[in-house]
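Down below are the structures I want you to see.
Look at the two complexes coming up: chain A is in both, with chain B in one and chain C in the other.
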Partner chain A sequence: MELNKELNKTTTDSKGNVVTKIRENNKPAFWFLMPSLLILTLFTFYPMIMTIYNSFFATNIRGESAKFVGLNNYFDIFKDPLFLKSLAGTLVYVVLFALVTIVLGVVLARLATMKLRRIGWFQTAFAGTMGTSAAAASILWLFLFNPSVGIVSFALKAMGVSKTNLLVDPTGAMIVIVLASVWMALGFAFLILLSAFQSVPPEYYEVADIAGWSQFKQTLKITVPMISPTLFFLFVVEIIDGFKMFAQIDLITGGGPNNATNFLAYKIYQDAFVFHNFGTASAESIVLTVIIALATWIQFHFTERKVYYA
Partner chain B sequence: MTHVKTGARYLLLTVVAVLLLFPILLGIWASLLPTKDIAAGNFLSTNISLNNYWQAFVTTPIIRYMINSFVTAGLITIGQLVLCTLAAYAFAFMNFRYKKQLFFAFLVTMMLPFEAEIIPNFQTVKAFGWLNNYAGLTIPFFTSAFGVFMLRQAFLQIPTDLVDFGKYLGLSRLQFLWKIAVPYSRSMMITFALYTFLTHWNQYLWPLITTFTDDFRPVQVGLKQLQSEDTFANWGMVMATAIIVLLPTLILLLIGQKFFKRNLNAGGTKG
Partner chain C sequence: MSIRLANISKAFGNTKVLSNISVEIEPGEFFVMVGPSGSGKSTLLRMIAGLASVTEGRIYFNERDVTDLPSKDRKLAMVFQNYALLPFMNVAQNVRFGLENQDLSDDEKTERVEWALNLVHMADLSDRKPKELSGGQQQRVSLARALATKAPVVLMDEPLSNLDAQLRTEMREEIARLHREIGMTLIYVTHDQVEAMTMGDRILVLNDEKIQQLGTPLDLYNHPANEFVAKFIGSPEMNLLPITVNDEGDRFSIGDAFWTDNAFVLPFDLPAGSYHLGIRPEKLVPVSIANPDTITAKVKSLQQLGNDTLIFCDYDGQSLVSRVPEQFTVAVGAELNLLLPASADEWHLFNVDDGEQIVAAPEEGAATYGA
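Take a look at the complex of A and B:
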């Protein structure tokens, strides 16, 4: 009882203090925030401003912003067939990647919510690809599709297919990159979808059982609409991820064949660090930033609504 | 449910799991085979041994790459735990001027892709003399808005009674942070630490452009290095190195699974 009284007293005391403390609290808060602010200023805000600045300049041989050219870098990239090809290829890749990841994720989540003993083991296995780094996974996928030792090539040969090297074909290379990327993203998507599946109240399924709905119909007409906020969240997350994809290209196709997989992030890297054309690369970076910022804004906006929904 | 139906379901799950993990399973299997059997397409060879692993450890800098990755990802994880905790504490418990504006500034950084910042960041790190150096690999990543938000969210879950009790005990801010806030949020802290370590163990683009020698090259870029050298034809050994690189993260994921399941859920519904 006495402790309670004390607590109440200190509560009101401290509440009284809070009002007077607001003004003198600026300093300690500054020290708590300063380290993070310093890093973010130096390595996020400053470089972003510099990228915008550089995008208005032509670059000289030494990599310095030498001559102000206004919006010319932007006009140039949007007239450059290679950049337009990169942008179109990126869009195709990103949409395919996000859709296939989500569809497969839903299938896996449905399988992993069957009422069976030891289902946890299968949940662990399905999430397993989450632990593979892009670089190691790329080597594994390169091995699958390598024309001389890849098991897919051997299989195609055995089936009498003459074109066994998918990676020299633009469509084939796109398919391999999409599959490899989906595989890498699937573990995370599965875990998110699994918890969404588990949050659907079981009564819905019980009623549907009585109505004689098939499992497939239940998933399509009950689960999917119920988890639509999660599906949308994942879709946007995968879109953002897709636009930033880099390692798979660098290790599996190198942007080829004939620039068919020279997607945006890879093109920026090449223009900057292979061709040392910082002005062009900066303009391309800003295009990427606008896309990502827009997608992230949609995600934040949506998440806010989803909190109310849940 | 009949036994046949149950059996069919287990069979289906097993087939899907094997198909899904096939690239890893094949990689493990190939890493045990002699390269000449792989080159001949003789995947059912019975000449299995650990020779490829032995060869990888002896003839390639894979151990050095692993150490570099452990140091890099470890330092970043520690750095983020400290800096994000401090900032999250300020946003959760303190009142100060421009709080809203600063919070918004942190939010904005999540909308900016790192890929668009690499040129100026490369120049900054170069100017500091941090190229090909642990400093350049780690310091730019010592904080993240994502971490600040995640930990702030965890701190806000602390009951007000507990906060008041801390005040009653006369704890200083740092004592409160260390003795109450951090232990109370340890599940989220562990999830965040695992996530950060995994993310930066897997990092590729930044170390690709900022490391030039094996002394600092982390394992992901090391894989590219091994693959582009003449060892490339030695597929058995290349697969062994890929498996060596995969193991730490797979183990970490297995250990951290229950944390991920619990807290990714929170992330999925709360952002």
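Take a look at the complex of A and C:
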């Protein structure tokens, strides 16, 4: 009994000591965190809180909250057919964009790991889109699909297709936006995947070579499982990126035709800075944030179990 | 299956790794290729496996030219240093992985997997993932994967190098047993001369692009063809001393010149000139009383191995090591009389210029090949 008391006292004492030690040790840590805390507060936390605040208000033309409306902004946007259309279009776009980017990224990375001639040149070219600004890339794609001077229009005409201006067709515009976005995201996806591919020990492929596995089967049964953490990471990143996509729409389609490419990020921008409905735009922003968070949670919850970590 | 390498050369760009290698490997032989790192032994194995291209020369399996055949058509299996077990598959799946493309029914494949896992005593752990196994167990699985294919040729690339010393001894025995039981042609690459000596039917010593010597373990130990093999095989290394023989060819001095007052009697006649004399550490025996056949060296350090004692000495700037098969004590810094071997069998003579063996006394049945 006596011994127990003694023991407890010693444990409590040492716990107290540890806590004090941690506090002392953390003092410099605070100063190291200071710069990023300041910047984050100013440009992320403050706008975030203001957005949540504004989403409960009707705002005037200068963006100042004028009247508390409770959840009415939220009710309104879900009654707005344009928002629902935008939401549906965004979801289609995001899924297409993420899937095509990752599949193409895997194909390119697999090609780049093969011992082919001039592969270094291709590796640079594949990763090259990383260094291209969204604006420049959008203009490039706009020209490609230009009905009078675009090379795609020429090609379609040469193939006998009558509808050569894809940008005036809702499906066509979606395709162009997906292609342009994939093209821009591919560099990053390729680089990340390439490094993942190169980290797979070559012996695995040699064992498979000796056993007589085809290249395709090797990719599917060895590479994909080995790089599944990277695939998962890319999938999350690309989905988030897809939801946030803005520049391509602004420069290529302007949300058209008939709002077919008026995706959420662009609609928020328009509602806020073109139509000056800051309350509505804030509510839409919150909805977008919740959707992204939800999508990420779903992926972590359901996909991550299938991922193998070394 | 017999394997014949005919004038094999390999270059990576402008760097030559192997030149003009010709070897015949008998069916069912345990053939060891040994050499220091960078000697091209792994490259040679990978060429046999079809994983590396052949720059020049041909490879024959059972006298059939397989030089341009892909790996999968060569009917072989390979075991790698890092085991190459897929981490997301369990033990049984990993073994089955090597069988996937063989023309077998599902039941036959399952049977083969069980058979192979039983052979390596891993059947109990067949649903474990590789990371739940020790290094030795992982290598057993990797062996099972190779054996399950029933390939007539099994190649092993330093399979024991990632294991600790105790496991290595155990696995050496295990691989030798599997080879005895199954009788496949086994080509085994290692940089460890102990592995080579204890396991191989024949050993191929590679260095400097070339075959240094090919022979049975005892051949290599007793009659090294050159200084490289002499130093590479055996631990601790063979002692090498420069000696000079007098004009009469009956006496010699240690060093670059002959000194009458510091000369020893030759155990056999030699033409006058300079040689390198090789003496195995166990043939350089310490004796208590100096006589005309002893040299007096200074003890630098001592290693007690329990069964053996290694005595490292200095003789006139020359490092010498003597191995005594008992627990031997001598003070560091003390003078020690070492008896030079009197029997021609215990003498290894090498050419000063190229390090090639000199057949000193053929009438005593020493070496029959070499320079």
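The definition used in the following text is that the second predicted complex is superposed on the first by the 252 of 310 C-alpha atoms of A that agree within 3 Å, B and C clash if a C-alpha of one lies under 4 Å from a C-alpha of the other, contacts with A are read in each partner's own complex, and residues count from 1 in each chain.
Note that a contact is a pair of C-beta atoms (placed from the backbone, for glycine too) under 8 Å apart; a residue touches a chain by one contact, two chains touch by 3 or more.
Being a predicted model, the structure only gives us computed values, none of them experimental.
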item	value
Contacts of A:Thr289 with chain B and chain C, given as first, second, both or neither	first
Partner chain(s) touched by A:Gly212 [first = chain B, second = chain C, both, neither]	second
Chain B versus chain C as contact partner of A:Tyr204, first or second or both or neither	second
Partner chain(s) touched by A:Ala127 [first = chain B, second = chain C, both, neither]	first
Contacts of A:Ile177 with chain B and chain C, given as first, second, both or neither	neither
Contacts of A:Ile222 with chain B and chain C, given as first, second, both or neither	second
Winner by number of chain A residues touched, once chain B and chain C are compared	B
Those residues of chain A which chain B touches in one complex and chain C touches in the other	310
Sites on chain C touched by chain A in the complex	49-51, 70-74, 76-78, 80, 82, 84, 86-88, 97-102, 145, 149
Parts of chain A lying in touch with chain C, wherever the complex brings them together	201, 203-204, 206-213, 222, 225-226, 308, 310
Footprint of chain A on chain B - complex, ascending	6, 9-10, 12-14, 16-17, 20-21, 23-24, 26-27, 30, 38-39, 41, 43, 82-84, 86-87, 89-90, 94-97, 99, 102, 105-107, 109-124, 139-143, 145, 148, 161, 164-165, 167-168, 173, 198, 201-202, 204-205, 208-209, 219-221, 223-224, 227, 235, 238-239, 241-243, 245-246, 249-250, 252-254, 257, 260-261, 264-265, 268-271
Chain B-facing residues of chain A, complex	6-7, 10-11, 14, 18, 21-22, 25-26, 28-30, 32-33, 35-37, 39-40, 42-48, 50-51, 54, 108, 111-112, 114, 116, 119, 122, 124-137, 139-144, 146, 148-149, 151, 154, 183, 186, 188, 191-192, 194-196, 199, 230, 233, 243-244, 246-247, 250-251, 265, 268-269, 272-273, 278, 281-282, 285-286, 288-289, 292-293, 296-297, 299-300, 303-304, 306-307, 310
